[in-house]
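So that you can tell them apart, the chains are marked A, B, C, D, E, F, G and H in the order they are listed, and the count of residues begins at 1 in each.
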Amino acid sequence: MKTQLKEILEEVRAGSMSVDDALLKIKEQPFADIGYAKVDTHRKIRQGTPEVIYGEGKTPEQIIGIARTMLQDGQQPILITRLQEASAALVGKEFSNLDYHPASRIGIIGNWPEKDGIGKILVATAGTSDIPAAEEAALTAEAYGNEVVCRYDMGVSGLHRLLAHMDDIMSASVIIAVAGMEGALASVIGGLADCPVIAVPTSVGYGASFGGVTALLAMLNSCASGVAVVNIDNGFGAGYLVSRINHMEIKK
Amino acid sequence: MKTQLKEILEEVRAGSMSVDDALLKIKEQPFADIGYAKVDTHRKIRQGTPEVIYGEGKTPEQIIGIARTMLQDGQQPILITRLQEASAALVGKEFSNLDYHPASRIGIIGNWPEKDGIGKILVATAGTSDIPAAEEAALTAEAYGNEVVCRYDMGVSGLHRLLAHMDDIMSASVIIAVAGMEGALASVIGGLADCPVIAVPTSVGYGASFGGVTALLAMLNSCASGVAVVNIDNGFGAGYLVSRINHMEIKK
Amino acid sequence: MKTQLKEILEEVRAGSMSVDDALLKIKEQPFADIGYAKVDTHRKIRQGTPEVIYGEGKTPEQIIGIARTMLQDGQQPILITRLQEASAALVGKEFSNLDYHPASRIGIIGNWPEKDGIGKILVATAGTSDIPAAEEAALTAEAYGNEVVCRYDMGVSGLHRLLAHMDDIMSASVIIAVAGMEGALASVIGGLADCPVIAVPTSVGYGASFGGVTALLAMLNSCASGVAVVNIDNGFGAGYLVSRINHMEIKK
Amino acid sequence: MKTQLKEILEEVRAGSMSVDDALLKIKEQPFADIGYAKVDTHRKIRQGTPEVIYGEGKTPEQIIGIARTMLQDGQQPILITRLQEASAALVGKEFSNLDYHPASRIGIIGNWPEKDGIGKILVATAGTSDIPAAEEAALTAEAYGNEVVCRYDMGVSGLHRLLAHMDDIMSASVIIAVAGMEGALASVIGGLADCPVIAVPTSVGYGASFGGVTALLAMLNSCASGVAVVNIDNGFGAGYLVSRINHMEIKK
Amino acid sequence: MKTQLKEILEEVRAGSMSVDDALLKIKEQPFADIGYAKVDTHRKIRQGTPEVIYGEGKTPEQIIGIARTMLQDGQQPILITRLQEASAALVGKEFSNLDYHPASRIGIIGNWPEKDGIGKILVATAGTSDIPAAEEAALTAEAYGNEVVCRYDMGVSGLHRLLAHMDDIMSASVIIAVAGMEGALASVIGGLADCPVIAVPTSVGYGASFGGVTALLAMLNSCASGVAVVNIDNGFGAGYLVSRINHMEIKK
Amino acid sequence: MKTQLKEILEEVRAGSMSVDDALLKIKEQPFADIGYAKVDTHRKIRQGTPEVIYGEGKTPEQIIGIARTMLQDGQQPILITRLQEASAALVGKEFSNLDYHPASRIGIIGNWPEKDGIGKILVATAGTSDIPAAEEAALTAEAYGNEVVCRYDMGVSGLHRLLAHMDDIMSASVIIAVAGMEGALASVIGGLADCPVIAVPTSVGYGASFGGVTALLAMLNSCASGVAVVNIDNGFGAGYLVSRINHMEIKK
Amino acid sequence: MKTQLKEILEEVRAGSMSVDDALLKIKEQPFADIGYAKVDTHRKIRQGTPEVIYGEGKTPEQIIGIARTMLQDGQQPILITRLQEASAALVGKEFSNLDYHPASRIGIIGNWPEKDGIGKILVATAGTSDIPAAEEAALTAEAYGNEVVCRYDMGVSGLHRLLAHMDDIMSASVIIAVAGMEGALASVIGGLADCPVIAVPTSVGYGASFGGVTALLAMLNSCASGVAVVNIDNGFGAGYLVSRINHMEIKK
Amino acid sequence: MKTQLKEILEEVRAGSMSVDDALLKIKEQPFADIGYAKVDTHRKIRQGTPEVIYGEGKTPEQIIGIARTMLQDGQQPILITRLQEASAALVGKEFSNLDYHPASRIGIIGNWPEKDGIGKILVATAGTSDIPAAEEAALTAEAYGNEVVCRYDMGVSGLHRLLAHMDDIMSASVIIAVAGMEGALASVIGGLADCPVIAVPTSVGYGASFGGVTALLAMLNSCASGVAVVNIDNGFGAGYLVSRINHMEIKK
């Protein structure tokens, strides 16, 4: 943003832009306002980075409107998270290249970018029921240009199942640990791995699991160092963050 | 209790006890009322079983009064839990054979019973800070006639430390797993052991550990089957229960 | 597991197994990986012990796949908990010997093992509405080879109903106390019985019962010693644990 | 209040009171404003009913000021609840007839009224540590003219201790059940008694007792009908309410 | 119960009852065991007191079974609370005299008893949406032989509406205050009335009303003395308790 | 109210009103009692102020009844909040001029008043999903005679979108900030604006947003001074309050 | 801020400011960075508006450092909230004109501004213990140039005490309602007043008041329209907001 | 760990290690058991990586014992977190080169490693009171070989203060955002930065900040993508994790 500001100021100084135009530019440039939403058109500069639409609480019409604005702006792929099956059907009518994953409720319009991250991302789940959140994380990371390996049902109640994946754990550059119930997977992986671990608590469980709160709290209190946590069932957030980690750069 | 009732009824029938005496007996017999407390004098029948005084919220005078009543009734050893250091000093003046453990705040008056349980009890902790609750559990189990093995600082963040105690885990007849923070120890031990596991959440931790609530919830949601949980920092309760388990008998 | 490790090392030493094969064996042996799940095939060694499938959050196809892998491995009976009625219909098409209990949502494939526990297990409920959780506990315990006695509607608001079952309470080797609302049943039974008591809070109640949280908290704070607690509505967990208690053995 | 209003209006009509005086009277009459407090002087009409000062968060000076205003108005006895020991010393210097109870932190200035309630009030506690709250309830009820019987340490973990007091339970006209931890006393007494039961949860306990919240919730969910609950440790509130119940009258 | 025990003992002494018969009598007499429920048949002694069936979580078949056992025992009227409309239809087929109130989900079989309480009961609500819980309270109190006056929509946001009912408040012998949201009605009525006030928090509200928890907490913290609280939406519990209060008797 | 009281007293003095009539007048005047509701007819004095019906938990019949009473009293416009679509259909049959907004579930009967507030009200939302609550606030404020400007999707994750509306923020006389999730919009606007800011937390979000509780708590803890908060999704409350603020007057 | 930006751009255009200087100016101008704090020096433009230092968690040295920076910038009066007594002593040594209020823990350096608000602000408390929070609100409002009237101990349990202040309520332009316990004062005042009401929940109470949470929740759920809420014990926040309301202006 | 296992197996095969020695080695090697703790001696292989001692709940003697074991093993620097001032004095007597930071309660024994991370780490706080947690994070990151930049008091209530640090935000490779109260800093930075952001909620605040829970929840619900969260006040955890991120490597 600072760079843009400097350019605008330079133009003002050079007389090639009026003060009022400059003010207008600062205010209006980086998004398109379509009433119910302000679509960020700023990200396309960094080629290949998909913009994301959070589908929950939006009508299919709103989703289509936002996606259309983004495509007109040249952005792709477009990731739509929390996209209900019924909405997906309508969105799919508008965009025939929509790739919809019902379990993780993710829809993708457009093509995968090249995999250009530093290393491999491991997405591990404690149980079979945690797969949807894991899939959301994995698809997100892939959509942002990362190589992803998925290993499911590694829960700590059968430690040998987890230890059997020591190779995957040790060769990953970043790990996403997905677990509901007591969420102990994050602690055990955190204690074994020597790379960053992002934990995703899931709403899998019943009774005193309180819809994922127990897993969330347990992960926040992990006795293993080097574990950070995202919101319950927030596979997207984890996938997005590990992509940032996996694309770390030196800045001057 | 039923047996006692039958005996009283038999005496009533035989005319050796009046109806009013019977009523009185049913009401008054199994405890001694000393005003601020009703001391259970019924347990002495089963030789060697210590009675327990919960020290919190009782004045030293009340503790001494209850202990004196129990000793007059022939009960020993007497276990006093949650006994503050200051109170212990006063109680120790009255009962010179008081054996006081400041870390776990347990006081014991009298001699250990014979170790007559079925097998060995393992008391395992996740960290160094969990030792006081573990000690309360271990001392209680010993006071009830059990052989106890203690292994500390086995937390899951260094899995090799836990695996190094596989022998202890596999040779225990019952296990008490003591952990604060995210309480994952219970799940991992629960998945490895083939004996009953009683989990004790501790108040060790900070922030979102909420004084042990996170460990408690995590343990209740253990993905490993065969784990039950007692109150936060309730080493006594765990020690008492595993003693019952370790003294299981066939009944007719 | 240690024994297995020793055997593998012996074979390596004897030259009858290569180092790489040994590594592979350690990693791959104790389960079958079918993608969405890792099926534990290790338990069949101990004849008669049923493996369990937690049905919630699994598709009927996944349940069938896991069950098939287990049966191919020779395991039976298979316990499926939290099996929805609709899923049960599909699973029943695949396995004609499925025995489904709609109230407790338990499905069982295969035959009951012999009842070889130490004593009798009493499953007691406070009210009529607690029966499903109690049934889950009782069926689980039976599936693991235990004799089970069920007594329903013994709630403390009518103490004479509870006292009428003094015989059952005193003759049980382990007791499962199932109650919702204020969960006082666990405390009262805990005060009367001289055997281990495992409490199951249920989601029965309304308003400030918070879906079983009040019963859970009350049971954790039981003034009676010797009571441990499992998750809300976790009949299976209680049944599994009391079976372990009822099959306690001396270990060397 | 309505009666007073009518009288004022009658005087206005009769011309014996001006409109402005009437307005003033309606506004100013029923209390004395001493700046930091408005002392209710309205209750003295009903002879013998003590006024109450809630001591917490008030300076000794404020307490003395309020008490002095009440005494000038002829009110007595005066009940001061939650009166810290240090404050009591200062208040006692001002009012030499202060009767202070340190355990329940109640102070009383003036003489007991006659015991003119319908029947007897039973105050029962689960344990020794619940006595302070019970004492607050009992003293309050006595200060309001009721006959009170106290029975301590009747907790449900030793049911025979409770049953031994069946006489007290059956002969009470109202019962106050005081308990911490899991608060089961209220349910058991509620199931045995045939009179109104007011439950007082106490902050006795630790860990998941959450300073009395568990007992509070349990009592609110009592499976016994006819139990209502007051705030944690609110012995005063219970004593005040049962006095109202014990002084019930027919109104026309 | 004590009286019955004494009679049994007298018969044993007189030789007119054997010891075994006495034991049996003590255990079996006061209820009928129909498997899924133990029906209390003890209450019929006190003529006119209806027994209550808590309908939630019971099948229509179970409700009918319990009701039939009670009618055979001569009990009536029978109150069925939380009776779903669909269940009511089936129960009504069995008992043609079922009187069903859909808003409060109460069903009554049999005739009203005589109104023999000490005074009048006022049931007051804060809003229109609180009426179902109020109706449950009012019908319960009537079924137990009390005269009941209902005043709805008296919420404190329009104080004049509340003050307009000063007559009802001052002439009531007991008051039930029913309110959701912030539950301030209980405090205001508690400050105006000079009789016992039982508060019923309702689940009316949204957002931070947390299904009635806010009203519950507010009522427990009422600054007005003499208010006790029952569970959220527990109109029955309030109706039952005020009936006990309104039928207070001197006991010897 | 005081003014009315004085007038009544004056008439009593003048003899033009009897004491009993005066009493009646004080009690009955300011509302119409239609059984299930007391309709406030007092507000019509201040011309143009609409009365409000909270639709939740009321039957369509009750809503129609209340509205009819209000219209007979000359009040309009009538605002009906939380009006379900099905109810709106029935209400619309009775009042053909009903203007219903399905997203915000608001219905309005009658004409808008003149916009006579001090300045402009800005209603800003963090995201698209917050629009229904914002619309409820905006429509309410308009119905009470205010000029309202709406700006949607200004969430802090894209700060430039917010800064682009600096003009709107600086020119508003009062601001309503509507946000779910972490609710940071209130803090950022609170830090930029120099007018009163009323924050509306919404239930937008998932997992640890707890139905709006997180946004609510965040807004209450805003590091920006000058922000107050209403209940979750309470657009009406915010709209009503800002109207009061925007109609502030000097009083003598 | 926009105005400032425009001015800078104008200067850049005019050539009187270099692009780099402009960038610097935008970044550095509106505050002074003293390492541990960034002191806002921007507010002095609007004469008479005091800057505020939140004292909690700051060392006396930091407070003195910030105050000195502000005074050098010409700002006064300076309000220091949550200033501990010990800190106040040290701060008072540095600034001899410090005016410290121990009960409300507010310190003020410098002179009161002129009272230039629209109308009068009423600060009302439910009880004597709520006075410190009320005083914080009142002093803040006065420091920002408002006329404030304080009325204490108006709690709803004695409604006549509240009604006696109808004059104050009706003549206020804005009201701050301060209450702990059940916080009903906000609802009752909200129903009586026709001006904006800002509610301050206090931590006054015990047990289930949860340090002010109950009052907070009750106030958020007020059945009276037009009430907004600030954080628990946040007298400053309420005082600041009502000052903004009382200084409302038309903007162009 | 796998590598070590392979080496041991190779030696067993080669006959240079017996089976029993191998078993022993696997169990005992990677830590030193000193009774109350198991000190990890495994990490020294990776030169320069400090081991950490969590000081809370450990006696000074235990801390000294663990540190001594580590130093004997050649590990340094040693980081001691949550080290109380009194303990630090005792530890400092034993290790004269202890560098103790009282505000952040961190102690360091030994020399800083070389700064060899990928880029710069920015540690930003919302306020002055958040500095201790920030300092814990910064010192930890430095102890692990990272270049760290600290910027304090950038809270969103004064957005210009935050924007003034755009340079720091844009030039950081990883950011730690430290904030209490409503924690909005994480969302605003998350929306501006294009690198990973780790949020540290602090216990700064009062009332409904609940000791940091509000900030924690807000950060978990951040509307900005790419933000993960650690426990309340867990500066160490954040510092450790960002060091891992800043030392990301490609693995084969």
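In this text, contacts are C-beta pairs under 8 Å (C-beta built on N, C-alpha and C of every residue); 3 or more make two chains touch, one makes a residue touch a chain.
On a predicted model such as this, the values are computed, not experimentally measured, just so you know.
Q: Across the interfaces C-D and B-E, which one involves more C-beta pairs in contact?
A: C-D
Q: At what distance in angstrom does the C-alpha mean of chain E lie from that of chain C?
A: 38
Q: Taking each chain's centre as the mean position of its Cα atoms, how many Å separate chain A from chain D?
A: 58
Q: So, what's the distance in Å between the C-alpha centres of chain F and chain C?
A: Once rounded, the distance between the two centres reads 54 Å.
Q: For chain C, write out the residues touching at least two other chains, lowest number first.
A: Residues 1-2, 26, 127, 158, 166, 192, 207-209, 213, 216, 220-221, 225, 231.
Q: Considering every pair of chains, which are in touch?
A: Touch list across chains, by label: A-B, A-C, A-F, A-G, A-H, B-C, B-D, B-E, B-H, C-D, C-E, C-H, D-E, D-F, D-G, E-F, E-G, F-G, F-H, G-H.
Q: Report the residues of chain B in contact with chain D in the complex, numbered from low to high.
A: Answer in residue numbers: 1, 26-28, 30-31, 35-38, 40, 42, 54, 56-58, 62, 82, 201, 203, 211-213, 216, 231-234.
Q: In their complex, what parts of chain B are in touch with chain C?
A: Spelled out, the residues of chain B in touch with chain C are 1-2, 46, 52, 118-120, 166-167, 170-174, 192, 194-196, 198, 216, 220-221, 225-231, 236-238, 240-241, 244-246, 248-252.
Q: Which part of chain A faces chain B closely enough to touch in the complex?
A: Against chain B, the touching part of chain A is residues 126-127, 155-159, 181-184, 187-188, 190-192, 205, 207-210, 213-215, 217-225.
Q: Which residues, counting only chain H, touch chain C once they are in their complex?
A: For chain H paired with chain C, touching residues are 2, 5-6, 9-10, 12-13, 15, 19, 22-23, 26.
Q: Residue numbers of chain B touching chain H in their complex, please.
A: Spelled out, the residues of chain B in touch with chain H are 127-129, 131, 152-154, 158, 160-161, 163-164, 166, 204, 206-209.
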